[in-house]
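Order of writing sets the chain letters: A, B and C. Residues in each chain are counted from 1.
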Amino acid sequence: MGEQVEDIINIITGTDSTSGTGTNTNANGIGQLLFCDARSQSELNDFIDSERPKLVALVGFANYGKSTFIGTLYELLIQNLNYSGYSFVDSDTYVGFERRVFLRRNNDEDTSDTKRNVLGENDILNLMLRSNEGKFHQVLLSDRSGETYLKYTSSDDEVKDDLVIENADLLVFFVDAEADTQNLAVHNLIVEKYEGLLTRLKAQHKITASVSYIMVFTKIDKVVSDERREKLTDRKKKLSAIFTENIGKEPDQIYEVNSTDLNHDALNQVFEKIISPLTSVEAAKELDWVRMEIEKQK
Amino acid sequence: MGSKQLKQAIDKHLFISLDDELITQLHEVANSMVADLDAVSVSDYVCSFMQNNVSQSFTEAFRVKYKEMYGDEVKLPAIVSRILEMYVILLALQSDEIEEDTKAQISLIVRNYAVLRKGDWNVLLCQKWIIEMYSYYETYAADMVKSSINYSQLLDAVVPSENWNDTGLDITQQAVYDQIRSLCMAGYYGRVSGYIKTSAFKNLTSPFAQVYVLVCKMVKEWNWKYLSLSPVKKLVEALGENYKRKKMLSNIVTEVLDEVQKDLLCVPNEKSSMLLARVCNNRPIAIDNKMFTALEFGVYIYYEMLLETFND
Amino acid sequence: METTNILLAGLPAAGKSTYIAALWAVEKDGKSGHLLTCDERPSESFYVDGMSDNWTVLKEVRRTTFAQPVEIVLPMKRQNTGKKINLSLPDFKGEVFEQILDNSVSSDVVAWCEKSHGILFMLNLGNSSPEVLQEQISNTTKPRVELEKVVLLPNDIDLAIQNVLLLKYLYSKMGDCPIALCFSSWDSADNSNEQDVEEWVKANHPCIYNFVSAHFKNYRYYGISAQGADYSELDEKRGDELAEKATRKERAFVYRNKISYDITEPLDFLIPG
């Protein structure tokens, strides 16, 4: 087996893990969270002000491209006055986003250990957005480490305490298209890991058939040859079938993206889906008591 | 019902449920605040709630009560505080300790402040609670027309009682009560229909001014609380097709002030009588841009004026 | 005399000290005819005199490095009303931002936030050079090579976002107060279209624009050139031209949609009344 494939397998199975503090270390060597850093799931309620924000969970194993994806979304939002009909006006987790962008910019030091140190342990990020009509809404993003989801595949106890997937309004499942179109053994491992994950999530009632989810195949720029494109088509179908079987419904959509290309169409479509507000539940018509009285009397 | 309705309302809006013990404590504190409610605090809480805020007075009162009862401070998400603000009002309306008259007033206050959210209802929390709060006035109004009321009150409301003594009429019978009520209703409708034919009414060019003047008379001069009639039919009759005419509140006020005599402009006592206050003071308010048909405007100010009569 | 406290805020090398130096140099004689000018010389003015002397001789403004922020009090007069105001500006050291990021803000900063009427926020986004301004560099930031692990340092954060973080902190302490955002080194800014500054900010720094417009109702943008030119590009002739402009009080300038030599405009905007 080639060295590259072995590396991929090691990453997926977590066998290259080394210990790390998972927090930013200041010059004094003390780990700490910075002002406007990412938050933990135990702080989810703190984001609620006048309404419950939309919660989007990014799910995938190590190196599937979640952080790069988020980093690109963030860059697009800060570089544009208006993106897809929304202005990015605030966040309580700017530094959390900056950590992800920092990794993108410094790929040569991008070991798992580095990632853990730079990203830290907290995974909740928030975006405050304003529509062109002046209406504000908030989106929470969970960008958990791949190692966490790997643990989920092997332990009910790890899954039990999860609050993010259980409460998510949208699940985004990532697959590394470059790895998936290597050899069949790697693909089979990816399938096995996702089956394990979905089985345990379902058993712990963290996902139901009513959940909204999409699949995002990343690093599509690395899937160039005809042979690999053909493999991707085939393996996408297989994976999608696994998800459908385990979750009980088909994904809302499947995307192929290149997260390093800010102009990538499919990427921008996914971003739009993520940042758009929840469809508001129609208000009970009885709230407009005057209208009700008029209708009753006329 | 206990704290179950509170738990359901809160859990819906949080990612992480509050634990049951805390919910029970919050319920107990809210319950204990019912006795301290007055018109000012009810107005304050409802007005804040309708604007998706928590009033400072509520926050402070809740904090103090919680500390008194449990010896500690509690930190709550803003959304939970907003739910609690309305929960106190709900408990007051569900309580057997509060008189029906008071419940009717509270219900009208909630209805009146609902104008703040006109056209923008889906941002409101606890929608089921609000609809339940509206219903208390309807129940009160329906009870007013039932014959199970104090008949000497009824007599006095119609004419001084000594004039009835010689008639020999026994109005404890439902049929007699219903006849009196029918007479009063006919009288009331007659007055409305008669007035809208007068030149004083017809000379008003703005349907909003017409609505204002007519509602003033309906509530202040001709109304009888045992009638408990909706103003809709008579307003439609008075306005004709103009009942559909729609304008922004600020423009409505201009039209009303242009035509209505100053002595008809009432100075409202209730803070929730926002439309009356807007007309009377002519000072811009947050809802100046909201659109009202003449009929909607009429219904809103009818019930605002009705609430004012509770204080008379 | 009424005292108006204005919080002068900005990241290291944003141009805060150079602005104070230019302000004092131009206004101390009280003869400028500008919106605000010095009413009478303060009894002690060593600190600001030192700063303005450097400005006058076209040298980088050096500050004495005090542990505590220096409170600069300038007795000013509003020209249009004749009203006298003590303008009070703190001169904070540059590493306040790092303190904010580290969640270890000093009580002096908090106290100033609480008592200030408005914010004069200086920004230098991309036109600065290290020699322009000698703010004290934090001695708590070690070079990356000395750290055991790769970590995110404050300077790794996008510069515009660093400014947003500082604004966010100030907003959390002061709420929606008047704010004048001044882009320094405007003489070197790329505004060949002569855009209105606010349009320039929208186009070049949308994240700052979006944050400010969502949080502050009373804000204004300015371009400011306190020095009048980049010192590193001066030869003797240009230096003399700059000195000549200074005698006419036309060296330092502000820009909204046209140049004005009255650099008290942002302060005047912030002063109530």
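By definition in this document, a contact is a pair of C-beta atoms (placed from the backbone, for glycine too) under 8 Å apart; a residue touches a chain by one contact, two chains touch by 3 or more.
Keep in mind that what you see is a predicted model, and the values were worked out from it rather than measured.
Novice: Could you name the chain whose CA centroid falls nearest to the centroid of all protein CA atoms?
Specialist: So the chain sitting closest to the middle is A.
Novice: Could you tell me which chain lies farthest from chain C when each chain's centre is the average position of its Cα atoms?
Specialist: So the farthest one, by centre of C-alpha atoms, is B.
Novice: Using the average of all C-alpha atoms in each chain as its centre, how far is it in Å between chain A and chain B?
Specialist: The computed centroid separation for chain A versus chain B comes out at 48 Å.
Novice: Could you give the separation in Å between the centres of chain B and chain C, each centre being the mean of its C-alpha atoms?
Specialist: Whole-Å distance between the two chain centres: 54.
Novice: How many angstrom lie between the CA centroids of chain A and chain C, rounded to a whole number?
Specialist: Centres of chain A and chain C (C-alpha means) sit 40 Å apart.
Novice: Using the touch definition from the top, which residues of chain C touch two or more other chains?
Specialist: Correct list: empty.
Novice: Of all the residues in chain B, which ones touch at least 2 other chains?
Specialist: There are none in chain B.
Novice: Could you tell me which residues belong to chain A and also touch two or more other chains?
Specialist: Touching at least two other chains: none.
Novice: Chain A touches which residues of chain B in the complex?
Specialist: It is residues 13-16, 52, 77-79, 82, 111, 114, 117-118, 121-124, 127-128, 130-131, 134, 230, 232-233, 236, 295-296, 299-300 of chain B that touch chain A.
Novice: Any idea which chain C residues touch chain A in the complex?
Specialist: 100-103, 140-142, 146-152, 156-158, 160-161, 164-165, 168-169, 202-203, 206-207, 209-211, 213-215
Novice: If you look only at chain A, which of its residues touch chain C in the complex?
Specialist: 20-21, 24-29, 32-36, 77-81, 87-90, 94-95, 98-99, 101-102, 106, 109, 113-114, 117-118, 128, 130, 136
Novice: Quick one: in the complex, what on chain A touches chain B?
Specialist: 42, 44-46, 48-52, 55, 163, 167, 280-284, 286-291, 293-294, 296-298
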